[in-house]
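In what comes next, chain A is part of two complexes: it sits with chain B in the first one and with chain C in the second one.
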Partner chain A sequence: MAADMRRDGRSAAMLRPMACERGVLRRADGSARYSHDLTSVLVAVYGPCEVKKRREELERATVEVIVRPPAGPPRAREREMEAQLHGLFAPLIVGALHPRTAISIVVQLVDDDGSACAAAINATAVALMDAGVALRAMPSAVALALGADGDAASALLDPCRSEEERAAGALTIACARAPSAADAPPAIALLACAGAALEPEQLDAHVRLAQGSHDLICELARRALAEGMVV
Partner chain B sequence: MAAGDAARSPGEGELVVVGPSKAVAQEGELVYPGDRITFGATAPPLVMLGAGVLREEGHVIASKAGILRFDAAERRLSVEADQRRYVPALGEHVVGVVVEKLSEEYRVDLGCSSPAALPVLAFDGATRRNRPNLHVGSLVFARVVLAHKDMEPELSCAAPVGVMSKDWMTGQSLFGELKGGTTFRCSLAHARSLAADDRPGGELLALIGEHVPFEVAVGANGRVWLNAGTVAQLVAIQTVVSRAMDAPAEQRARIVADALARR
Partner chain C sequence: MLWVRPPATPAPPHAGARATWVTPGEELCEEVGFLRGHGTYVKDGMLVAAVAGVVERVNKLVSVRPYNARYGGEVGDVVVCRVVDVGAKRWKVDVNARQKGVLLLSSINLPGGEQRRRTAEDQLNMRQFYVEHDVLSAEVQTFFADGAMSLHTRSLKYGKLGCGTLVTVAPSLVRRAKQHFHTFDFGVATIFGMNGFIWVGIATALSPKADAMDVGSTRDGGIGEEAQESDASFHVRERTCRVCNAIVLLDRFFMPVAAAPVHALYEKSIEAGMSPWDMLLPENAILLADGLRASGVLGVRVADE
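Take a look at the complex of A and B:
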């Protein structure tokens, strides 16, 4: 085994095999199942539907996110994930089209073998598109496990759970492309870093790694959405 | 691009989608959120932005995953998404359920974000003393006469201008209460194709009609009401409609004939 090979045979900057399926739930307005190998996430989207009076916003749709862990009640980690998903998707959704309504996103983590937040973001994007909710751009997300020195060369892309546990820190980066920059690398839509301090150049190198996976993940989403589209 | 040009050749390579594939898209191709839509190399013509298309940073982009449509006559650009949640649009015909009865109006559930109002006098020939009496749970076939994002939708069962109106008492009016029969839900795209005779899928109801006489009301909100002579026929028709909608167009005639030939 080569020295830079990971336990599952990947190199440091390789994604796991991913799968995506849309419209998996009959009663939701939109739904998607997304898996990064053993990590699997199921997302249901409802809306625009009726909103609770106290959460009503006069100018835009209220975006609600609920994240459920594979087992047991939601804990701090799920709450943090809710906040990250809300922060990413609330500006991406064109909420002004449906004022005084709710768009609710329910994320069920089915199996967590690392990179759960990235998988949840990718699944939510497909579920929202399946529901026909207007979006400004198509986002994608990947997780990175940081090495002890914080160099991008020692970072592991799309880490599994054991790699996440051994890492010095974790980074989740979501990208989306602005319409004026069709040829440029995608812009950062979400950056969540925990555990390690990075120099600005080191962060740049990590972001470039994430940007490199954007088109691949979006292509998978496109293929899943094209499946069974009624023409 | 002149207006005459567009009328001659809507989407003959003139509509360009700048997505990741950077392909020149024909009208009727799939686009995804964030894909830029332009009109070739010529100066941007005047177009109306319909559903699923928006202006962002000076560019026209798709905001939904769906099929790009360009109506050359109206110069309207839109993206038709395969969605299940209904958002009311002016003039659409809908099948709703009465959920509340007030002194001046009925509140009708269409499956959208807020119930719609159906004034008690919005029936042809209805007066204060002589008007239809709907109950909670009644089904109505109506058209949307007010659809605005900031207001609750309003319905009417009166015939629109240009359509001969029949008094509600005769039981022959186009809109009104749907008595008997059964309803089922389908996706909005399926409902659209069922209701449109000129598009694939529109011939399905006519095909069924060759075998069994039946009544149908297709709501743009994804609710379909059916009525037939016997319950057995009703069940058979509903099964056929849901099965044939998912089947390829060329198999539909055979599916219908197989299921209904003996009835």
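Take a look at the complex of A and C:
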């Protein structure tokens, strides 16, 4: 799993072809479909709208996230994704603009061929912008499949499902650019690591891979918002 | 009644499109000397975009207008809406907002211009006024506690609309103006609803009808109802279609939707010898849009960097 080509012809640090489409669902306030090649995620955003009394927050909007798998009932993996998405987007959304309301994010994993969480984050970002919900910054996310040694050289960017299953660990990194740092690399907004112990230097190398993808994904999202459908 | 849908061909990007778009997190300008408008927030003394959309600068006010925000509504806005449900003493209408709008029985004009309490008989006769799928023009009266809009048609110029076409545009493209009811000199009337619903119809039936004052007539005020099929000759329909397509083009290119740009596009398409349906072909559309931009009819500065 070193410098050789991967099964689909990519090098270790190449992203899959991505597609992004916004405004897919007519009845939702905002919606988007994001695909990393065969992995496809559909996100609908509703809000700001009415919130149940017990979940009401007096000073900000309540962000609710629901993740559903392609088939079957939601399990631990989907619950974990809900927590990760909530942890990422609740601070990013300017909730103070809409106190005592709810912003619901509904994520439907349509096809899962690896990097589902990263695709869900990318789709959610576009759906929130499609809905006109105020965000502090625009996030993007990629996934990494880690080798047994945790080295950056053996990590695979944007793994497909077979690569994810064979990997020793998985890393999902979301980046967002702070407003005053237009030229600097984007800051980390979400870091989720499972299954591998990493040294700080190794982590830095992985993070740099993710930061390199940020601009590409943001440009794709920007074009999708401007034009409709871009592949 | 026709439904006009935007064409399936995607809108081509025009020169300068990249310069006008911002996404959340992009810095706009320094906070000092500028007023913060919608869609922005302040961070470290700089105004930063909070939504994805077009930057608007009006004197010192800097705001970002999102492309696809649902219609929020303000008291006094003229809207065009479609009845969705007939309920107890109210109609539920689709106003292109997050929730359905409400038209209370007490907020409509009774025939004969009466001012009286609505009785149980009025409640039973609600379907004589409006039923499902009727299109009507109304004004926003107030908001309920949960944010739903309450409308009224307490003026003869509001009411049921007939013999026309409904075109849907992005609500942010319709600007507040002195007049939302506009009649073009070639016999087509339009109502630019602030919620993005634009009604285009025949002008002959625009004036309030005399029989709205008849006692016993169960009709609210309104326009176009009395126009018969015979009034809609081929030429009038063709002109209506051309106006509809002009509005669709303005929406496609994200330009303000108002009487002046619509009229300019109408004239240009006739000068160029296009038929109404050819106006929507991509090559013709770009031609018309560029011509419109060059003519300076669009008075609003849209984010020239």
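Methods note: the second predicted complex is superposed on the first by the 224 of 231 C-alpha atoms of A that agree within 3 Å, B and C clash if a C-alpha of one lies under 4 Å from a C-alpha of the other, contacts with A are read in each partner's own complex, and residues count from 1 in each chain.
Simple rule for what comes next: a contact is a pair of C-beta atoms (placed from the backbone, for glycine too) under 8 Å apart; a residue touches a chain by one contact, two chains touch by 3 or more.
Quick caveat, the model's predicted, so the values are computed rather than measured.
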Determine, for the superposed arrangement built on chain A, whether chain B and chain C clash or fit. clash
Determine, under the contact definition given at the top, whether A:P179 touches first (chain B), second (chain C), both, or neither. both
Which partner does A:P17 contact after superposing on A: first (chain B), second (chain C), both, neither? neither
Taking the superposition as given, does A:D29 touch the first partner, chain B, the second, chain C, both, or neither? both
Winner on chain A touched-residue count between chain B and chain C: chain B
Kindly classify A:A134 by the partners it touches after superposition: chain B alone (first), chain C alone (second), both, or neither? both
Partner chain(s) touched by A:P99 [first = chain B, second = chain C, both, neither]: first
Looking at A:D215 after the superposition, I want to know if it touches chain B, chain C, both of them or none. Which is it: first, second, both, neither? first
So, does A:E50 touch the first partner chain B, the second partner chain C, both, or neither? both
Identify the residues of chain A that lie in both the chain B contact region and the chain C contact region. 29-30, 48-50, 94, 129-138, 176-180, 182, 218, 221-222, 225-226, 229
Would you pull the chain B residues touching chain A in the complex into a rising list? 18-20, 22, 28, 30, 32-34, 36, 52, 54, 56-59, 61, 63-67, 81-85, 87, 112-114, 149-150, 187, 189-190, 193, 200
Going by the contact rule set out above, which residues of chain C touch chain A in the complex? 10-11, 13, 17, 21, 23-27, 39, 41, 43-44, 46, 48, 50-53, 66-70, 98-99, 146-147
Quick check: in the complex, which residue numbers of chain A touch chain B? 29-30, 46-51, 94, 97-102, 129-138, 176-180, 182, 215, 218-219, 221-222, 225-226, 229-231
If we count contacts the way the header does, which residues on chain A are in touch with chain C in the complex? 22-23, 29-30, 48-50, 94, 129-138, 176-180, 182, 218, 221-222, 225-229
